[in-house]
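These notes are about the structure you will find just below.
Chain lettering (A, B, C, D, E and F) follows the sequence in which the chains are written, and residue indices restart at 1 in each chain.
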Amino acid sequence: MRIDNRQNDELRKVTIQRNYLLYPNGSVLIKVGNTAVLCTVSIEDKVPHFLKGTEKGWLTCEYSMLPGSTHSRKMRDSTRGKIDGRSQEIQRLIGRSLRTSIDLSKIGERTIWIDCDVLQADGGTRTASITGAFVAMYEAVYKLFKDGLITEFPVKDFVAATSIGKIGEELILDLNYEEDSSAEVDMNVVMNERGQFIEVQGTGEEALFSKTELFEMVDLAEKGIKTLIEKQKDALIDIRMELELDEENCISNE
Amino acid sequence: MRIDNRQNDELRKVTIQRNYLLYPNGSVLIKVGNTAVLCTVSIEDKVPHFLKGTEKGWLTCEYSMLPGSTHSRKMRDSTRGKIDGRSQEIQRLIGRSLRTSIDLSKIGERTIWIDCDVLQADGGTRTASITGAFVAMYEAVYKLFKDGLITEFPVKDFVAATSIGKIGEELILDLNYEEDSSAEVDMNVVMNERGQFIEVQGTGEEALFSKTELFEMVDLAEKGIKTLIEKQKDALIDIRMELELDEENCISNE
Amino acid sequence: MRIDNRQNDELRKVTIQRNYLLYPNGSVLIKVGNTAVLCTVSIEDKVPHFLKGTEKGWLTCEYSMLPGSTHSRKMRDSTRGKIDGRSQEIQRLIGRSLRTSIDLSKIGERTIWIDCDVLQADGGTRTASITGAFVAMYEAVYKLFKDGLITEFPVKDFVAATSIGKIGEELILDLNYEEDSSAEVDMNVVMNERGQFIEVQGTGEEALFSKTELFEMVDLAEKGIKTLIEKQKDALIDIRMELELDEENCISNE
Amino acid sequence: MRIDNRQNDELRKVTIQRNYLLYPNGSVLIKVGNTAVLCTVSIEDKVPHFLKGTEKGWLTCEYSMLPGSTHSRKMRDSTRGKIDGRSQEIQRLIGRSLRTSIDLSKIGERTIWIDCDVLQADGGTRTASITGAFVAMYEAVYKLFKDGLITEFPVKDFVAATSIGKIGEELILDLNYEEDSSAEVDMNVVMNERGQFIEVQGTGEEALFSKTELFEMVDLAEKGIKTLIEKQKDALIDIRMELELDEENCISNE
Amino acid sequence: MRIDNRQNDELRKVTIQRNYLLYPNGSVLIKVGNTAVLCTVSIEDKVPHFLKGTEKGWLTCEYSMLPGSTHSRKMRDSTRGKIDGRSQEIQRLIGRSLRTSIDLSKIGERTIWIDCDVLQADGGTRTASITGAFVAMYEAVYKLFKDGLITEFPVKDFVAATSIGKIGEELILDLNYEEDSSAEVDMNVVMNERGQFIEVQGTGEEALFSKTELFEMVDLAEKGIKTLIEKQKDALIDIRMELELDEENCISNE
Amino acid sequence: MRIDNRQNDELRKVTIQRNYLLYPNGSVLIKVGNTAVLCTVSIEDKVPHFLKGTEKGWLTCEYSMLPGSTHSRKMRDSTRGKIDGRSQEIQRLIGRSLRTSIDLSKIGERTIWIDCDVLQADGGTRTASITGAFVAMYEAVYKLFKDGLITEFPVKDFVAATSIGKIGEELILDLNYEEDSSAEVDMNVVMNERGQFIEVQGTGEEALFSKTELFEMVDLAEKGIKTLIEKQKDALIDIRMELELDEENCISNE
């Protein structure tokens, strides 16, 4: 039995709170168990130098943990004078994952800024960030679409992420901090609603893993992510209905 | 009449939510109108070099705005590679203000880290930070005291802060962002429960101010801060009662 | 009696030496007692990005202490890799204060760089910087005017600054370093020749201050600044006479 | 057929040149096709703060590309003022991979510094770095052992790495730069001689990948890494023979 | 007799390996005894701001030592966060020296980037860098010329460099690391094929030097550099013959 | 004839003002023509890590130009975020030069900090810095000696420096900024009172120099430095007399 009485293939409780802030184009507070990440999306009317004149947009991500989010206070990157390696790795992963879910050639020369700020870190902050940021991005991009600034809704597939680990002989889904600390193998998986993989990152920390274990972990991840994508769809039900109406109207107009 | 229908001497709605996070020693989410600041307090068992061996503690503060807290996305300090001047000024002010409210010789060789992270900025973030951080500090220090790590409760006076501004000929209390942007004079006041001033900072931006106006603004501030200190006391009612019981027990023991 | 035999409301000896250096547009060595600040003004023919195309100018300030200016050697900002918080606060204050004294829409798209480098620090370096930098700016801007590069003399009001402190029960004007170190309350005031306040910053360090003390300190400051503005006017007597002649000529031309 | 006429499951030519430099404890120039990485290993007689007094050692890695290693000149990290995210990610991966292959509790309080400097980058620099750095580490640690500074040879398993990619419908092993640029899916695998996985990182760039493809790519990697480990063993044949002799001597002594 | 049995006026063995890398415009691995420097030259189609529109080119240099190049591991500049003073001094010297050997008005608005990365440091890395980088630059610029991108071959004079030192009463040429460490006086000389001096830098470390010694050291340097320039000419024999043919063809065309 | 009517071998007017500041151990304002450098010396009671326990002292130097010292405003190093290469080169030269003039084993475990801040730059700031800093160091070290903190006066030889240049066919001494800008060859020489060379740095900028010219420039430098050392001795006449008296007393005591 797991510390918090979950089954090995059971996710923690997930809540996705939309419109959490007033000013950004999209904002979501996602909680996965005790992990809480504030995902905000700001759309800027310009693109990096290498995209100027291409009529394509860009999407980039910054990830950070607040000092009070961890057991002992986390020093700020701005105090240390540089972004730590782990944060850089995570923000590159989030950006890469979301870029596969959206057709950036349909948003014009705009940059989608994704900010994931961890308010509380109880394991799985990078996967919660991806799952939450997707919703905030959906919300933000929908506003562009609704306001007529873009003519086609550019999001292609729902994308979510979760973690799997190996403790002793057990393979478990969605590790909390305590489990994560004692896990010998740690895997993060990003997948879309069509069951396609975007990212699979398995790392042996204390122990290593066999091919069979690798495949079993991927199966577990698949199961968890399907549930997460349902949660995302529920959270976005209003927008999704609007979009379907739009589409129907389009058809009826024909 | 003000934009949000307040009287000139009327504060915005204030809520102080304690125990907002799991891990820090103290944590408060303070909302003043639409301004929201997460104040966390972490106590570390060491002091800066210049205090080693003195048996005295230290208190320091860091202030930062999340990228999604402002109308247009705020670039992170860690990306810019340095803390901006305004943030430095504010975190120095918060630290200075709280240091006057606590007897650091009674907390042993410990450092009290105050972190004020602005989730949403609608004017008055520095004064909301002071008002909220005081409560989080009170909570954190009380835990030390209750756990027997310190023998005397070191907080001396309640401290809170507010802003005052001059728009046209009107002097108004507790400016929101829109008011702040059009204010010609901007003043921040930090005061304690005994009516003593800790900090008075008045700045003429567009217009300057006369001595009479200076004195009237101070009066307005005094009125607002008294109300804020009542809110702080309400938020800490349980701890304050415990402390009083302790004191009574002490007396009865004698 | 004060350490240096001054009355409580007595300034230290002030000298303002103009044209101290060959190359900058304006340069002043101001001495207030043993405090010595070199104020130089350089005018550049461009403005920051946000002002391009507005036909308005900009004014910005940098403040620094030389390593040999203090009792124990002060480490350079360039060695520490960042500007310390105190210096940032001070240079923001100087810039803000001088911007109120000049109509930047009359200098074209130019940037006025104010550099205040403290050669010797015996208390009151920020207020001496404001008082001295005003004179250097006046000198620099006059050259622009005289050379026909701008058509109207843009300086509006003389601006100067001083400090006040509370030691024991005494309120004293223009603190030297020794007084400053033992002051329980420290206030800096920036005022113009019309008696309007630009900045009032009072800080309780060891002790706090009552409203009555606040008002008395402001009165003391007012008295000191009036004297300082006379010194500035004396130092600029030649330019002021030229400007008056100009104005008369203008009138006679009409 | 691939650009360089290889089969889909065929590695590029690999050469491992030991003792490449005079001064470091171990040094290897590894070439994988046109990719060339200089791997040096320096052993320092101290450990990071968090390991002091534990009698355990540490292993850390730095990875960098020389300016002339790429098609267009790569700006130095020292000029940019920070290590780029990709390099950080890679050096973390190399360090993590090698730490699983060595028992750091057997090297005393020493730090093994791994430096991977890419002289020429034609794809697969991170996997070539792991494969080459392992050999340099083996060499360096053997010297410690031979000099009697450690009593047990601490390397547990041979570790090597390779990449796999998907171009169109083809899955191919060990991508060169041109292939890497056009690959829709990119995977890096680190494995030890016992067929255990240390790291599996698959990333969909242009296209995503199915579970079947994931498993096929892992199979391809397994095949390639087995060959690489044979190359490593050949390169270290002299040391391996010495170590076996040692072991035999030990037995015969009993 | 010297440590390595050389005469006082004898250079170490010099080898110059051209076309060492695939991608840069020019690349040379120069070895002077055990000192090995990789010199790469990249030509970029733009110039620094101050040269835009002048139709002149620029040449700049960066010098760095790899971590494994020295007896104890050298910390990277990117880790230290800044380029050390010695490296800056050296890269400025290399740039300055090479700029005298080429007519930058003949290469159009291009920048020649010289990168000198020390693989192994056994004394004289700065002078080996100059000698090797000259050859790489010659090679790179020749390609421009051959490809018709520039119409005149811009290199004017061969340039090389060496070091001289004083140990006890002996003046010796081309110091290795061991000699360099014990030298009381250290001099670097850069000279061209016409016997003109570009740079003479003599530094008394432990002892100082008389005018007579200064002149003798310069004579020694002259002798060494003449030999080095012959080596450079040998290494570039193919290009020099092509250039002469070109010239002859030009003449025969007339 | 030169711009300022000097002979080719004529120095500019030199003044050395001692005790310029109140707080540092030594301080000198040196003027060489219009060049003005403030040299301050601070002695700290500790040494860098590598000298701890050796009972030897250390001497280090920092050099900087004030923003107003040059024709167009010089950006501060602290704003640029790094010390520019030229400043680093100069401060290393000053430190090296002064270290040869003092026996650091006689000052105990102390660090002599030399700060050279250029107030006005009209050519020759590095050589003026050396000449002035020597005097400030002499003054500072004498105070240590007089206060009985060290038992032997550690300064060995007077050290000064000057520059020489080649313009057209003329070799000239002590270049001002205008001359320096048009000089084709630029040389700096540091020498002691015994005619020994500490540093000879000749650089061909536009043109190169022959051996004959090199030797003539050295002769010119020698002449100038002799005069400068006389000026230093005059400026220190009081201390030098005290030191001689001390020595006599010592003798008479025997």
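Heads up, the rule we're going with is that a residue touches a chain if its C-beta (ideal position, glycine included) is under 8 Å from a C-beta of that chain, and two chains touch if they have at least 3 such contacts.
Bear in mind that the values here come from a model prediction, so they are computed numbers and not experimental data.
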If you take the chains that touch chain E and keep only those that also touch chain F, what is left? none
Look at both sides of the chain B and chain C contact and report whether the same residue positions are involved, with over half shared, or different ones. same
Just give me the whole-number Å value for how far the CA centre of chain D lies from that of chain E. 34
Interchain centroid distance [CA atoms averaged], chain A/chain E, Å: 52
Note: chain D residues in touch with at least two other chains are 81-83
Could you give me the chain order round the ring, chain C to chain F and onward? C, F, E, D, A, B
Could you pull out which chain D residues touch chain A in their complex? 82-83, 85-86, 88-89, 91-92, 96, 100, 192, 195-205, 208-211, 214-215, 218, 222
Looking at the complex, which residues from chain C come into contact with chain F? 21-24, 27, 34, 38, 40, 42, 44, 62, 64, 66-73, 76-79, 81-83, 113, 115, 117, 119-120, 122
